[in-house]
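Chains here go by letter, A, B, C and D, matching the order in which they are written, and residues are numbered from 1 within each.
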C-alpha cells in the first residue's frame, strides 16, 4: 500500500479514544477518528475496536476495499509489525455484557438481562455504603448463600406435549390481584441507591401489577408512596417499637391509607444481625428515615446501618402482642420471618392471615434454615397450614424457576428484596425491567414444565431428593438427650 | 568459544520468529534462522524453542558438538549472561497440546485427542457468535453441568480375566446398523463454524457408520445432505410449525428421501430457553435456515439465536398431534426430549418407536433433570418401556465411558450434539476424528470392564449409589400436600 | 482554572505519602500535603486517597468550592489527563477492614470485628515461626478444616416472638461462675506473639469473667499468672511427664494455688502430630518453657515446635494413671482430648469430673473426628454421661453461633485456643476485645433463636441432618469383619 | 551514618547473587558479598535475603551494631529510600520448603517431609516425558483423585489412655517379614527419573525391610535387581504375553531367583488406558525395557508410553490361564487389579494366594472404583475371603493414615507406586527417606489411635459413614431391569 514504517502493536494500542481512534484491518493501520461520526452503523461498533484489530468484525460486514476507497490516503498509518503481536493484542475486546462494567459507569439498562446483572452493576456503581448495607448478610454468609443454592438443588420434573401456547401466571395475594406471584420484599432505605428510592419501586409495581412491601425504615412515608403511585397496592412491614404508641400511630396511619392492604409484622429480627461488610464501612451520620426514630451513627462496633437503624425495635415482642396489633388495624395481619413449622402452627392457631417464610435474606442469624427448606418442613410436619393461611417465601429468589419451585411447593407468592434495590439503581425503569425479566423467566419455566396456570403447579413438578435430609421431621432432635438444665449442677459447688 | 559480550535473556527472547530465530544451548546463543529449513527433524521442533533455552530438548537427540560443527561460526552470538535468568526464562515452552492454542489459530487436528479438546479449540477459534450460540445453555447452567457430572458420579464395576481380545460395539438403531451406539444429535446451523456445516457431518457419519440427526434448523436441506453423503442414514428432527401445513410438507419431503430413517419430534423445547451467553452477543440479521421460516434478529431481549430462530415452533403441540405426524410419514416416529418416567409411559402407550431422553443439552429449562437420571427413573418406575421402545440418551456425553454407562443402563444409543459442532470446526475430517476417538474410548471401556459386545452390558456393570437420591420414586412428592388450587381462596375477597 | 499542562494518572499516583500527598477532585489535581494536619476530619481520611481520585468521598461532605477557597493557588497542580485513566486508577482505595493489612503493620484493634480478623492479622504480622506453630495442624489439615465446617453444616431451628429483651448467658464450669460458656483452651507459648503472653490472656479472662486453661507449656508459670491476674480462675492442663515425680510436683504446685480450679489431663496427644507448616520453619533453639523440661531444637525432621517441645510427655499414660493424678491433687480432674463415646463412657466410669471433647485443634491425628461430631456421638450412644460429668468442646469454635450449637447439644462450655493466641497479638486488650466479640455474637444468636438463658438451649434448637451420617452408631463397624489377627497366618511360612 | 544518596528498592533488588549481594537492615543498605563466606551461620541464610530486607531475620540473632562494627565502612551503600517500598519489596523471601523449587533444581532431600513433596519436586525437575508418564491417569482423572479423597473421607475413631510407648508395625506378607505393611507397587521404567532406576528402589527396600514389586516393564531385569540388592525380597508383576512361551520363560527365570517370593499377575489392564497427559508428550523412540518386547513409539494417537509399551500384553487372559501360570512357578500367585467382590470371590475359589485391590492408580479405566471402596465391598459382600487369601491395596496411598485405614479394614499391606518413582528422583536415598517418612507417619497414626501392633487394628478404628453409599450391596443393581439383550430387536427390521 505505502512504504511507511511498520507500526508495533504498542504504537497502535494507545489510539483508543473517540478523539484519537486507530483500528487495524488485515494488518493495515487506519486512523478512523474523523470517520467515527459518519459511520452508518454508528460509532460504538468502531470504538469497540479502537486501538485494536478489527479485522474479524470488519470482514463480517465489509469487502476488503471499503476502507481504502472511503478514507483519504493520509489516514493510512502503515502496516502492522506482526512480530509485535502478543497475547494481549490477540485478546478479544470487551463484550457488550455488563460483566465488563467500568467502575461508576452504568451500562445501558437493556443490556442487563437477569437479576445477577443488576447486582453486578450495583457492586460497581452504587456508593460503597449502599453496597455494603444492601449486599451484606450475617457473619459467614452461610444462610445467604444456601438460600439460593437450595433452590438450585431442587430439580424440576418437566412434562412435555402440553398445550402451552398461552400462559397466565396471575394470582391473588391477600385478595389483591397480582399479575404474577412476585412482590417486592420490604427493604430499608432505597434512597441510598437512587433519589427516587421506594417511590420508583412503587411506580414500577403499580405499572406491572405486583405488590410492594413497604419497609418501616423506608426512605419515604406511606403517604408519599401512595402519592407517587396512586394506583399501587402495598403491604406495610412493621417493626414494633419499644414505645408501643408510636407503632400504634403508624398502624392507624397505614390502616387509613386505602392503598395499604395488609400489615406484615417482622419477627425474624428480634435482634439485629451482625452484617460485617456493613459494619466495616462508615455510615453517614446524617441519615435518618421518616417512619421510624432511627438515625445512623458509628460506634465502637462499626458503622452497620442494619444494626444502628434497628435500635427502636422491641426485642420483647411476643405472640400476645399480635392481639394488640389487631386492635389498631382492620387490615389482614401476617408474620414476616417464620423459620420453623412450630411457629407456622402457632401462627395458624393465632388466626393470622399469612406467614412469610424468611430469614431476612440471611441477614440476621447465620445458619438459620433456607426459606425453601422451611417450606418443605411445613409440608412434612403441618400441611394443614396451607389451608388456613397464605404462605409466602423470600430470601434467595433470583430466577423465575425459583418462583415456580416455591409456588409448586405451596407458596402463594414470593418476594425479592435485595435484587429490587439493585434494580432501583436505574430508577423506576430499572425496577420495571427486572419485574419484566422475572415474569418472563417464570412464564418460560411454566411452559417448559408443561403448565399454563399456577393452579397446575404442585409438588409433583419438583424432586427434592437432594435436600430432603436438611428438612426436620419433628420438633425434637432424633437423638436421646437430657435437657440442658439437668446437665448443670453436678456437684461442683464444693469448690 | 569466543569472547563476544554476554547476552541477556532479554536480548535473546525477542528472536523468536521463523525470520529471526535464536536458540540457547548450554548457555551458548546461536542464530539458527538459516538452518531452520535444513533441519532433518523439521523446523517446528526448533521453533518451539525460538528465543529460548533448548538445551534439554537438544541434548536428548544430539551430542554437544553438533551445533558447533554444523553452523558457521558467525552464527554464534555469544554466551548467555546467566545473571539475567529469571522465572520467565526458565518456564517450559508451550507444550504440543491444544491447551496453548493461540486465538484464531487451530492446532493440527491430530493433536486433539478428546472431545474437550474440540470444545477448547472452538472457544478460541470459532466466531464469537458461533461460540455463544453453541456453548450457551439455560440461565445458571446447572443442568448443563449436571448432565456431565452425573455421569462422572456413576462408578463402573469392572470385571477382570475375561477374554477381551476382540471387541465389537456394533448395534442397531431403529433397525439401522450402526458401527457403535453413537449418533449425532440434531443441532442447528453447523455452517456457523464451517462452510460445509452439516454436509461435513453427513460425510463423516457415512464414512464411520453412524447416524446423523438432522436439525429442522440445519444450514442445509435434507436433500442437500443426501447429495453430499449418498450412503448416509439420517433421522430428521422436527419442530412442529404453528402452520401445520409447512411441517406436513417437510414430513412428506423427509419420507420421500430414502436416507431418512425416522422422525424425531422435539418436545423439550415448547418454549425457547433463556441462553444468556447467546443473548449477549449480537446476531447477524442476514442469517436464515432453509427448512424453517426462521431469520435471525436482535430485539430488546438480546441477540439469542436459539430464541429468535424458534419463533415458528408451535407451543401448542400435544400428544394428539402425534397421530397427525404419523399421518404424514411411514417412518418410525420418536420423541426427542422426554424428561420423566411419566412421559416415557405415555410415549409407550402412544405407540411411539423410541424416545430420546434429553434436556436439550441443558439449553431450555435450567434444573431440568440430567438425562442419565431420567434413564434411572425409567428403570425404577417403568422398566417395561425398554421392551416396547428404543430409548436413547443425549446431553452430557463427552467420553466413551459415558456411552457405556448409558448403554449399560438400557440406552440403545446415545447422541452428541455440541461436541460434534465443535468438531465441525475442522470439517469432515474433524468429525471423523472425533467419532474415531469416541469409538476408541468406548472399546477401551468395554474391554476394561470385561465385555466384548454390548449384549453383555447391563446394570450390573455400574454402581449408582452416589446419585440414587436424585431419582424420583413415584409420580408424587413424598410429603403430604394439598393441591395448589385449594390453597387459594382463603377468604381475602373481603378486601 | 489554570492552563497548566494536564497530568497523567501515572504522574499523580506516586504522590501518595504523608510527606507528599496529592489528591484529585473533579479531575483537578491538588497538593494537600501541608493541609493534612489542619484537616478537621483528620489526616487519615485524606491519606486514604493520597495519589488517587477523592471526588466521591469529597463530594459526600464538601461543596465543590471548598478546596479552591481553602488552598493557596500554588497547590493546584493542574487538570487530570482523562485519557490516562485506566482500570488501576478507577479501583477503589483500600477499605478500612483488616483485609488490606500491610505486612508487619497491625490495624487498629477496633477495626477487627471477628475471630477471623485476628487470624488474618496474625498471618501478616506475627513472626514466621509463631504463625507456623500456631496455625499449623496435622498433615493434610482435614480435621482442622472439618472442625469448623461441621459446625457450619448444623442448622438452627430459630423460634420467633419470644421476649428476648434481656439475655443472660452466664453459666458455671466446674462450680466456677463464668460470664458465658467460653474458656481459653490451653495453648503453648503465647509469648511467641506478644511479650505478655499468657499474662495478657489471664488479665483479660479475669476482667471478662471467663476461665483460662493454662498450658503445661505456657511461657509463664502458674504463679506468675496468678500474680498477673490475682482474681482470675484457671484450670491447669497437664502433660504427664515420663518422669512422674516432675508431674507430681507440678500437680502439688497447682493444687496449692487457690486460683487453679481443676486439672485437665491431656490424652489426645499420646504422640506429637505431624504439623508440616511448623516443621518447615526453623525454630529458635534458645526457646524453652518454665513448667516443662522442653527446649526447642531443629533436627532432621524439621523445626516443629509442637513436636520437639513434647519430648517429655509420657506416651505410656493409661487409665490407671488417673488414680495417681487424683492422689496428688484435691482438684477436679478432667480429660482433655476425648474423641469417642467409648472413652467418654470409660471416663464416666473412672469418676472423672469432666471431659473436653477435642482433637487438639486438628493438630495431632488427621482425620480424627471433628469434636462436634463426637458430641453427637455421645448423644447417640451414651446420653447418660451428660448427667454424670461436664462435657466441654473445643476445636473449630470461631463464632458465637458455634458456642450456642455446642451448648444446645449438651456442652457445658467451649474453648478457643488458636484464636485467643492470635488475639494476644494485641496483648490483654486484644484478648478482651475477642472475648467481647464472642459474647456479643453468642447473645445475638441466643436472641435470634428465641432464648434468653442457656437453660433453654437444647437439641430442639438445631438440625443435624447434614452431618448425621458422620456419627457412629455403635462401637463396631456395620459391616461383617473378622479381626485383623485372624487374617494373618494363611500358611505362607512355607516360603 | 553517611550522607550518600538514598537508594531505591529497585536499585537494591538486583544485587541478589552470591557474586553481588546487598542486604537491607533497618533501612540501611550493605554490600555483604565479601562477607558471605565468613558468616558463622553460613552464607545460605544471608543469601535468602540477597537484594532484600533482612531486618527481621537479622534482629532475631544480632544486636543492631553488629553490621556496622564488622563491615568496612565502604560496604555501606546508603540509606533506603522508603518511598520506593512497594508490595513486591515487602513480600517475604521464599521459605525453605519445596513449594518454591525452581525449575530443574532439586531442593535438599531433608527438606522433603511427605510424599506430596516428592511429587511436587518431580513435577519441577523430572523430564517432561517422565513426569507425563508417571503422573498421568485415565481420561478425566476421576478415579485417580477419588483414590485419595475416599481415604480422606474415612474418619478414625481414636482411643486414648493406651500405653503406646513402643509401637511395632511389623507384619508378614506372603510369609515374608516386612518391617511395616508397605510395599513398592510395581511401576514401569524407573530409569526415566534416575539412572539407578529400580536398582535404587531395591537397595532402599532391602535396607528398610519392605518388599518391592518388580514391574514386567522394569528398566532392569530381576537378576540385575538381585545383584544390586542381594538381601532384598521381591515379588514379580507379570503381564502375560500374547506369546505365552515368553511369559513362561520369565516365570521360570523368576522362580529360579531365590529373592523373588511371589508372582502378581496383572488383571486390571486388559487394555491400555487412555492417559492423555502421557499421549500429549512425544516419547523417545529408542526406549525399551529388558524383560518385555516393548519399544517406545509415537503414532497417530500420540506418544503414550503407557499404551505403546503394553502392546505385547494378552487381552485374552482368563481365569483358565491362571492354572497355566501355576504350572510354571512354585511361587505363590496373586492377582493385581481386582476391582469387585465378585472377582475376589472367584480368586478365592481359584485358590489364589492373594489379591491386590487396585485400579492401576486410576490409570486404566476412569470411574473404576477407588480401591478402598472395593475393600469395603469385600467386607460387605464376602468377608470370608479375608480368611482364605491375603488382601492388599494400592492406588491412592499418600499418608501413614491411609496405611492404617487399609490395614484396619483388612488389608495385609498396601502398595505405593507413583510416590516411589517420584522418590527415585533422589536415588536410593530418596526412596529410603520416603519409606522412613511413611513408617513414621504410620507409627504416629497407630499411637494416636491407641494401638501398638497391627493385630489391634480393626474396623472398630474407623468410621466409613461418609462413603458407605459408594459401596455396592450385591452383584445386581437395585433397580428392576431387563437385560440389555432383550431390549434389542423391537421389530425395526422392517426398515
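Here is the rule we go by: a contact is a pair of C-beta atoms (placed from the backbone, for glycine too) under 8 Å apart; a residue touches a chain by one contact, two chains touch by 3 or more.
These figures come from a predicted structure and were not determined experimentally.
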**OP:** Look at all chain centres (mean of CA atoms) and spot the one farthest from the centre of chain A.
**Re:** D
Original post:
Once the Cα atoms of chain C and chain D are superposed, what angle does the rotation have, between 0 and 180 degrees and to the nearest 5?
Top reply: 90
Original post:
Since chain B and chain D are copies that touch, is their contact same (over half of the numbers shared) or different (under half)?
Top reply: different
Subject >> Inter-centroid spacing, chain C versus chain A (mean Cα positions, whole Å) >> reply: 35
Subject >> Gap in Å, rounded to a whole number, between the CA centres of chain C and chain B >> reply: 49
Original post:
Of all residues in chain B, which are in touch with two or more distinct other chains?
Top reply: none
Subject >> All chain pairs that touch each other >> reply: A-B, A-C, B-D, C-D
**OP:** Over in the complex, which chain A residues touch chain C? Could you list them?
**Re:** 17, 19-20, 102-104, 127-128, 139-140, 142, 267-274, 276, 279-282, 284, 300-302, 314-319, 321-322, 335, 337-340, 342-343, 346, 364-369, 373, 469-472, 475-488, 490, 492-495
Subject >> Sites on chain C touched by chain A in the complex >> reply: 56, 60, 83, 87, 90-92, 95-97, 110-111, 113-114, 152, 154-165, 171-172, 174-176, 261, 332, 353, 376, 379-380, 383, 386-391, 399, 401, 407-410, 412, 440-441, 443-445, 447-450, 454-460, 462-466, 468
